[in-house]
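First chain A sits with chain B, and in the next complex the same chain sits with chain C.
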Partner chain A sequence: MPDILVAGDEAAATELLHDAEATLGTLSRTGSGSLGPFSANWGASAFFAGGTVDLIAPNIVRLANCELHYNLHFSFSFDLSNIIPNFCLPQICVHIPFIGTVCTPTVCINWPTITIPLNFSDVVRFTSDFTLNAHLSGSTWLIDVVIVGIPNLQISVTAAAILAALGLAAAAVLVAIPFIGLFLAGAVLAITAAIGIAGITGLLGPILSLFVSGLTFTVYRQPRTFNVLPASGAFDPAVNINLDAIAASVSHTNEDELLIAVDIS
Partner chain B sequence: MSLTQAQTIFGGIHETGVNDLLTAFFRARPRYLRFGTSLFVPATSVMATNVPTVTFFGQTVHFQVLASPIPAVDIVPGSAASSALMPGVNEFTIRTNLTFSVSINNGPVISGPLQVFGLCEPFVAVSTPGTGQIGITLKRVEIVDITPGWLESVVEALVLGVLQTMLATMRLPFNTITAGAFGLILLAGPIAETDQIKVRGNAL
Partner chain C sequence: MNTLDSRFCRDGDSFGQKFSQPGKYIYDFNLPGLDQLNKEGARFSINVSGADKDKKESKQHFVTVRYREKHFEADPPQLEIAAGDFVMWSSDDAGTPGFSISGHSDKNRFSSAAMEQEAVYTHAFGLPGEIEWGDANGKGASGKVIVRMPPTKSEKEMDAFKEVLKKGTVVVIGADKASPAQVEIYVGQTVFFAVEKAAGITITDRRLNVDISDPAK
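The block that comes next holds the complex of A and B.
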C-alpha cells in the first residue's frame, strides 16, 4: 500500500488532460517540402484542445476527438514560363503613302518568376491512445501521457479547401502581371492541376504529423521536495516531505480510474 | 467498488504516510513537542515553546512536557500497537511517551515518563476548495499502569490537554492528500478506515 493513493475518474482525468493541453500551449515548426512539382517553404503553429478521456486498464489513456488547431503559412516560387510559353508579338509593317513604311517593334513576353503565399487555419480532430509515464526529471516528478503511434488525420476535405484557396491566391498574384489577361484562367488551372489534392496532402500530412508524433501531455508536475505547510512566523519553518516514488496506472473496477501512488518520507 | 465512488476524486493517505507527515511536521517544528516554563524554556524558539508558570496555593510551579518519540498513528483497524486503546469506526490512535519535569518553588526537578495513547478522529479544519485542511480531534487518552484509578483519571485529563495542544496545529492539507495532483473540492470525508484517512470530492 503506497503512503498516498490518489484516484480520479474519467471526468477528472479529462480535466487533467485539458489543463495539460493548455500548459503545452502553442507549438511552432518550420521547414520545406514538396507541393506537387514545386518546393514550398512553410511555417506552422498548432495547439491542442478538447477531447474526452477513456481510461483503459492497465496503462492506456485514450483521448477521443482531441482538436488540433493549426495555422499554416507556406509559399512557393516558380518560373511562370514553365506553365505559359513565352511568345513574341511579331513586327508589323505598314506602307503609308508619302511617308513610307512604318513598322512596330517586335515585342517578346518573358514570363517572370512568381511567389505565391498562402495562410490557412483549420482544426483537425483525432483519437489516439496514450501511455502513462511517471518519472523523475531532475528534481521534479512528472507524469506524462505519451501518444502511441501516429493517429490517422483526416485531411482530405481540408486539402480541397487549401487547393481552392491556393487558386485564389495564385489569381491574386497573377492578375498584376502585364499581358497575363488571356492566360490568367489557364495559368491558375495549370497551377492547381499540377499540385492537386495529392500535392496538398503530401505537404500537409507530414507537417501535421510533426505535431502529433511523440505528442506528450504532462498531467502531473510536482517538485520532489513537496511543501506541505509554508513557513509561518519566526518559530514555524516550512514543513516539507520528499516524494520518493510515484507510479501511475489505470484501474478497472465498476469504474475506470486513473491511480497515482506516492511514497513519501 | 471504485475508489472515487459517487465523486470524481479520491485521496487516501495510509497510516505510514500520516506518520511520515507527523515526522516531517515535528522535525520541522519541534517546539510543538516541548513546552516548558521559563525555568526549562526561557523563551519560545523553533525548538521549544515557552508557557507561563502556574501558581498553585501560593507555590510557583515550573514544568516541562516533552513528547518523544514523535507521535505515531494507528488507523482502524488497530494493530497490536494499539492494544491499550483500540480504534473504532472512523478513529485512529496516536501514541507517544510524555516526559514531565516539575520544579516547585525552584526546588529540585522531578521527572518521569508516561506512555500515552490518544483516541483521535479526523475533522475538516478548513474546507476551502483547494487549500482546505484536515485536522485531528483528540477525543480521549489512556495511560497505562497508574493507580489508584482516580489518580489515573486526573493525569489523563492533564495529558488530554497537553496532547490536544501538541496536535492543534498539525494539519493534513488537501493538496498533500492528493499529492498535488488535483485541487480538491471536498464532498465526502475525511473518514478513517482501512488504515487510511480518506477524502473524496470533485476537481477544482
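The block that comes next holds the complex of A and C.
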C-alpha cells in the first residue's frame, strides 16, 4: 500500500495534458528531402493543442483529436530548361528606308534556374495512445506520457492544398521571367504534375512524423525532496520528506482514473 | 535581363550601324563613355572600302559578342566590308553581361550609347506592360511601347502567334521625334529603333534613368 495515493478522472487528466502541451511549446526542425523529382530544403515549426483524454487500464492514456499546428516553409530550385522546351525568337527582317533591309539574328532563350519558395500553415488532428512513464530525472520526479508508435496523420487533403499553393507560388516566380508568359500555364502544370500529391505527401509526412515520433508530454513534475514545513527559526528547522518512489497507472473501478502512488520517507 | 537600354545590350538585343563612309573603324565593348579612355587601343576593327559602283544592295554582317575570361570578344574580330554595308552586333548567350559598343574612324564615330545616324537598336520584349522610353542623354525623342500577352492557349492561337513573332515593328527616330511615337506589340515581338539622324541618343526605358549628377543629394 503506497503512503500517498492521488487519483484524477479523465477531465483532470485532460487538463494535465493541456498544461503539458502548453509547457512543451513550439518545436522546430529543419532539413531537406525529396519533393517529387526535386530536392527541397525545409524548415518547420509546430505545437500541440487540445484533445481529450480517454483512460484505459492498466497503462494507456488515449489522446483523441489532438491538434498538431504546424508552419512549413520549403523551397526548391531547378533548371527551367528541364521542363520547358527550348524557345527561339525567329530571325526578323524589316525594311528601314535610310538603311535597307535589316535582320536580327535568331535568338534562343536560355531559361534560368529558379527557386520556388512556399510557406504553408495548417492543423492536423490525430488520435494516439500514450503510455505512462514515471521516472526520476536528477532530483526531480517526472511523470511522462509517451506516445506509442507513430499515429496515422491524414494529410491527403492538406497535400492537395499545398500542391495548389505551390502552383500559385510557381506562377508568381515564373511570371517575372521574360518570354515565359507564353508558356506560363504549361510551366505551372509541368511543375505541379512532376511533384504531384505523392511528392507533397512524401515530403510532408516525414516532416510531421518528426514532431509526433517519440512525442512526450510531462504531466507531473515534483522535486524528490518535498518541503512539508519551512524553517521557522534556528531551533525549528524545515520538515522535508523524501519521495522515494512514484508510480503512475490507470485504474478502472467505478470510473477510469489516473492514479499516482507515492512512497515517502 | 530584358531591359530596354541601348547602353546595355543583352540577350535579345542587337545594335547595328550602317557604314556609309569608307575608312578603318576601331571599336570595343564597354560601359558607356569608357571607350574614350582608350582611343587607340580598341581590339576590334571594321575596314570599310569604297562602295562598288555595280553594287545594288547593301550587305548585312553579323558579329557575335561573347564574354570570355572577363573580357568581351567579337566574333569575327575584324571585318572587311564595303561602304553602305550594315553591321549588327548581338550576343547569343544569356550569360553575357550587358555591353555598349562604340568605335570610330578618323572622321566618323558610332556608339550604341550615343546613336547619331543610320544606327539601329533592336529589343525583343519579354514581359507585358507599358514601357515609356526616352534618351538617357537628355537630347532626343521619346515614345511608348505597349506590350500585351498574346492568347496562346490553343494550338491555333499558338500558331497564329508564331506568325506574329516573325513581324518586326519599326520606330524611326529623327532629330527630336519618333515615328510612330507609340507602338503596340505582343510579348516576344521585336521593335527596331532606327535612328536616322540625332544628337547622340540612347533608347532607354525611362524607369532606368537615375540622376547621379550629384550623388550627395
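In this section, the second predicted complex is superposed on the first by the 244 of 265 C-alpha atoms of A that agree within 3 Å, B and C clash if a C-alpha of one lies under 4 Å from a C-alpha of the other, contacts with A are read in each partner's own complex, and residues count from 1 in each chain.
Methods note: contacts are C-beta pairs under 8 Å (C-beta built on N, C-alpha and C of every residue); 3 or more make two chains touch, one makes a residue touch a chain.
For clarity, every value in this text was computed on a predicted model and none was experimentally measured.
In the superposition on chain A, A:112 makes contact with chain C only, while chain B stays out of contact range.
Measured by the number of chain A residues touched, the leading partner among chain B and chain C is B. In the superposition on chain A, A:103 makes contact with chain C only, while chain B stays out of contact range.
By the touch criterion stated above, A:238 is placed in contact with chain B alone, chain C being left untouched. When the two structures are aligned on the shared chain, A:182 is found in touch with chain C, with no touch to chain B.
By the touch criterion defined above, A:93 lies against chain C but remains apart from chain B after alignment on the C-alpha atoms of chain A.
No residue of chain A contacts both chain B in one complex and chain C in the other. Against chain A, the residues of chain C that register as touching in their complex are 1-2, 11-12, 14, 16, 18, 57-58, 60, 62, 64, 86, 88, 90, 92-95, 118, 120, 122, 124, 126-128, 149-150, 152-153, 161-162, 165-170, 172, 187-188, 190, 192, 194, 196.
Those residues of chain A whose C-beta lies close enough to touch chain C in the complex are 89-90, 92-94, 96-105, 107-110, 112, 176-183, 185. Residues 1-9, 11-12, 15-16, 220, 222, 226, 228-229, 235-241, 243, 246, 251, 253-255, 257, 259-260, 262, 264-265 of chain A are the ones touching chain B in the complex.
Partner chain A is touched in their complex by these residues of chain B: 1-4, 8-14, 16-17, 20-21, 24-25, 28-29, 31, 44-46, 49, 169, 171, 173, 176-182, 195-196, 202-203.
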